[in-house]
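What follows is chain A paired twice: with chain B in the first complex and chain C in the second.
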Partner chain A sequence: MSEIIENQTAREERLKGIVQRIEGLPTLPTILAQMNRMMLDPKTTAKDMAQLIASDPTVTARILKVVNSAFYGFPSRISTISHAIVILGFNTVKSIVLSSSVFDTFGGNGSQDGGFKREDFWRHSLACGAAAKVIGRHAGEAALEEFFIAGLLHDVGKVVLDHGLREDYAAIRTDVKARGILIREAEEARLGINHADVGGWLFSEWKLNRGLVKAVACHHNPVLADEHMKAASIVHLADIFARALQVGSGGDDQIPPIRQAAWDAVGLKVEHMTDLLRETELEIVKASVFLDFVRA
Partner chain B sequence: MDAVPAELLPLDKVSPGAVLAADVKDAKGNMLVGEGRILTEEWIKRLQGRSITHVKVRAVGDSSSVAPSVAPAGNDRRLKRLEAMFSKVAAEPLMQALAASARQILEERRT
Partner chain C sequence: MTEPTFAQTAENLREQIQDLLALEEASRRIQTADGIGAILAETGAALQRIVPKAGRAVYLRTEDGIDFLCHLSAGASGVPGSLISLPLDVVDWVCQERRHSMIPGAGGRAVALLPLLVGQEVVGLMELSLPEGSGAGEALTQKLLAELQYLCGQSAASLLNAVLKARVEAERLALERTGAFLNDILESVNHGILALDPEGRISLVNQNAGSMLQVEAAELKGKPYREAFGEDFVRLLDSLVEQVGVQGFAMDQQLVRKELDGAELSLGIGGTPLMDAKGHPVGTLVICRDMTASKELDRLRALDQMKSQFVSNVSHELRTPLTSIKAYTDAVSGMVTDDTAKHFLKVVDEEADRLLGMIEDLLNVSRIESGKFRLRWEDVDVRAMVQTILELSRVQSQRHNILTSVADAVPATVPMDKNKMKEVLINLVNNAIKYAPDGGDVTVAVQMEEGNLRMDVTDQGMGLSAENQKKLFQMFFRTDQAQASQIRGTGLGLAITKGIVEAHGGAIRVSSEGEGKGSTFTVVMPVRSSAPQD
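And now, the complex of A and B:
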């Protein structure tokens, strides 16, 4: 155990060194910062929040698109942000704004310089989000949208590294191809940290909720997520299920093994695996509206 | 996402899993179900009960969806890739079960 703690401290030092080298680190999107502030103020009403969001036409259009999509499947059309907030709640609306911001920051055009294919990357992300929602449901969890968002954004560190450390990441991709290893292994070999560390670090800088930060940071090693181990385990399993379904690409052609501790923490049954994969496929179709953000 | 022409189909020819490409309204113009909804067997029955005869759908698996391709040739390639992908973790019981489930889904699609 002390060895693990020692490794963690050394790792955090390395992570600090890496993020200092990243050029043009994305700052917290203004609209999210404003929402954070408003949510802390007990006097904030749904109307205040709706006014803030309505001042950004792109975000407004995206929220209405998602809320009226098959992802929620409400029987009648929701045409205003205030109505969306009443139905979905502040937190869910904030999650949609968050994913919209991340897509804007890291969206479509990274592949021109030989970076990994964004379309495949986001398809894998979407599949992971969908799987996380399905697994959460099987595990008796309530906040399924939060698992979806954690799955959708679990690999954000890959795009941060691909944007910010181009040469290193090009070498990492070459290494993955040449040696047939996982992208995480190639990152560890070259940088001494991996994309999960970087993603967790970014979201923590953005002051996002700790459950999301831990789920992203620990999706390859959920035992390190402390009280959020179950959330991190759900994203860990979802990533592997998404790879088994071969939807999109996480940047390599291998599948990491399921960690037994994560499996136990979530409490799924082996005999339900096929059903879980089938349900995930349906959930992917329902959630595909999120991919429109990247292309729009 | 590429726009794929939606097809107007008789409701009894629609398979579960198809995605509605347009809102469905009854004769009086009341909204029954919105665009984007995945039609399950239950939804199809419900719409039949409301005397709906035709709906506009796009199929799951066409290029407007993100579900894996259903083409048989693509399936063989996927099976091959599945074996390669799992080769290094083949000794782990949980991964054996996962590979078997993924294989089963691909096999089912072939038939």
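And now, the complex of A and C:
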């Protein structure tokens, strides 16, 4: 136990060193900052929030596209943001705005040497989000989209690193190819930290909710997520499901082993595995509207 | 947006604390409410406080789990006692996604539909109808949604509890009714019943057993049977329990008890293993029968046998003197020349014949009853037989028009007992004549029907009521009409006819449109390929 704590402290120091090297680290998008502030006031109405969102036509269009997509399958058309907020809740709309912002910031093509294909990366992310939603449902969880968003954004650290430390990351990709190792292992070897640390750090800087921060930061080692271990475990399993389904690519084409503690924390049954994978494939199709964020 | 001042923040906090306290109080009241109605009332009151201007309705899942039934409604679309009337696709979506929804309602109102969730299960729905002008966007704040969701959760958990409690109570009542019903059966059955557990304690005893064994049934329960009864009965039970244990049953044993009035009560006591639903033995069931009733039955059976024996013997004994009377009458009528004397002797002869016929009937009846009725099978020319009967009948009555027909399909010969079947036809034709005192047509029609020989004898006589048609073939039965018309008969002819037909493997039935409308007797018998060796 003490060793882990010591390691963590050392990691945090290393992490600080790494992120300081990153130039032009993306700051919290303004619209998200404003939404955060509004949501602190309990008297904020759906209409107030809708007025804020309406100031950004791109975000407005994206929200309406998502809420009317098969992802929510609402029986009638939702035509206004305030209607969307009323039906889907403030948090859901905020999540959509968050993913829209992340896609905007990191969505375009990254390094020009073409090693890190954004389209493949987001497809893997989408599959992981879909799997997280399905696993959450099987695990008896309620707020399923929060798992979706956590899955969708779990690898945000990879794009942050690719964006900010191009040369290092190009070398890491070369290592992955040459040595046939996991991208996480290559990151650890070269930087002493991995993309999960960076993603967690970014979301924590953006003052996003602790559950999301922990799920992203600990998706490779869920026992470190404290009270959010189940969420982190769900994302951990979802990441592996997405790799097993071979949808997109997370930077390496390997399937890491499932951590026993994560498996136990979620409480899935082996005999449900076929169902889970089939449902995930269906969920990927329903959620494909999110990929339009990148293409647009 | 400007930062709020300290005073504003403090005021906000104070308001929030008040709201939380009120919510907590509502939650407490919902949790402590007893029964679905009270929970719904408290939920309604809480809604009234949170959203005063909104109409509201609460729905619970129907027992089959398919639909939602409205239990409470005020200013919303729901009608208490009716199923939910909101668009089904929205209801389905709310249940599937387990999140609330908002749809346009009547008169510009916005309708919010919230699931009542316990864990993952949607136990009911809450409908809020928000008035015109306070559109959903303005009405619903994050705080209000959170409050509503909290309230829904509290209400859902309490309602589910109440529903389950009501269901358990209903099951308990049903079980109680079943128990009472089983007890009624136990106490109504004509036997004494005693259940012993594997340790020999009395686990159940009905009132009948108590009175048969002259003990107080209520005091026996739980006592070992060895301490509860007298020596003789304990010895009997010992052997009974042992037999049941060894061979799985125990034959009835006799036990005679002296009643208080000195009369003897004869009991037959038997035993069977007592099994539970899985077939495991859980004791011994002892059944005490009052043998008085079955002794009475034995006596009646013996009496009946005696009667049959008597009829059979007497008929034989009567026939001998009658044969002598006939022989001597015949001899004497050859000697006398006086016409009056001749006429008298003829009457004596005819009456002797009638008596002989009756004795023959009685003999047949006793043969049929005792199963000693034997057929003499031979191939019979049915057409010739019908012709004979026609001639006999014409002699019997000039007022009746006897018509016979035999279909071409009827084979030249049919195996049967010639004399007995002739008797059947004579009987039926005689009846047709007898019970049509005003004359008319009597038809005898013989035909084939699906491989069977069918003979119909139809008259235009007094007919039969539906009631009498049922009893007609019973021994000694005579219709009131026949008796009122002073038509003579013993009530044996049709019983014998039926016996003969049935001995041939056939059946006889009667049909009549009713009294005064004539009747048809139909005999149907299988045609065997050749006379059976009997």
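As a convention for this text, the second predicted complex is superposed on the first by the 292 of 296 C-alpha atoms of A that agree within 3 Å, B and C clash if a C-alpha of one lies under 4 Å from a C-alpha of the other, contacts with A are read in each partner's own complex, and residues count from 1 in each chain.
Definition applied: contacts are C-beta pairs under 8 Å (C-beta built on N, C-alpha and C of every residue); 3 or more make two chains touch, one makes a residue touch a chain.
Because the structure is predicted, anything quoted here is derived from the model rather than measured.
Trainee: For the three-chain arrangement built by superposition, which of chain B and chain C touches the greater number of chain A residues?
Mentor: Result: the larger residue contact count on chain A belongs to B.
Trainee: Kindly classify A:E281 by the partners it touches after superposition: chain B alone (first), chain C alone (second), both, or neither?
Mentor: first
Trainee: A:G89 in the overlay: touching chain B, chain C, both, or neither? Say first, second, both or neither.
Mentor: Only chain C; A:G89 stays clear of chain B.
Trainee: Pick one for A:L126: touches chain B only (first), chain C only (second), both, or neither.
Mentor: first
Trainee: A:T44 contacts which: chain B (first), chain C (second), both, neither?
Mentor: Second partner only.
Trainee: On the A-aligned overlay, A:D292 touches which partner chain: chain B = first, chain C = second, or both, or neither?
Mentor: The answer is first: A:D292 touches chain B but not chain C.
Trainee: Does the superposition put A:R243 against chain B (first), chain C (second), both, or neither?
Mentor: In the superposition, A:R243 touches chain B alone.
Trainee: Which partner does A:N68 contact after superposing on A: first (chain B), second (chain C), both, neither?
Mentor: first
Trainee: Between chain B and chain C, whom does A:I255 touch in the aligned arrangement: first, second, both, or neither?
Mentor: first
Trainee: Please work out whether A:L28 is in contact with chain B alone, chain C alone, both, or neither, and reply first, second, both or neither.
Mentor: Neither partner.
Trainee: If you lay the two complexes on top of each other, which residues of chain A touch chain B in one and chain C in the other?
Mentor: 73-76
Trainee: Mind pulling up the chain B residues that touch chain A in the complex?
Mentor: Result: residues 1, 17, 19, 31-34, 36-38, 60, 65-68, 78, 81-82, 84-86, 88-89, 92, 94-95, 97-102, 104-105 of chain B touch chain A.
Trainee: Spell out the residues on chain A that touch chain B in their complex, using ranges where they run on.
Mentor: 68-70, 73-77, 123, 126-127, 240-241, 243-248, 253-258, 260, 263, 270, 273-274, 276-278, 281-282, 284-286, 288-289, 291-292, 295
Trainee: Which of the residues in chain A end up touching chain C in this complex?
Mentor: 34, 37-39, 41-47, 50, 72-76, 80, 82-83, 85-90, 140, 142
Trainee: In the complex formed with chain A, which residues of chain C make contact?
Mentor: 1, 12, 16, 87, 89-90, 92-93, 97-103, 112, 117, 119-120, 135-143, 145
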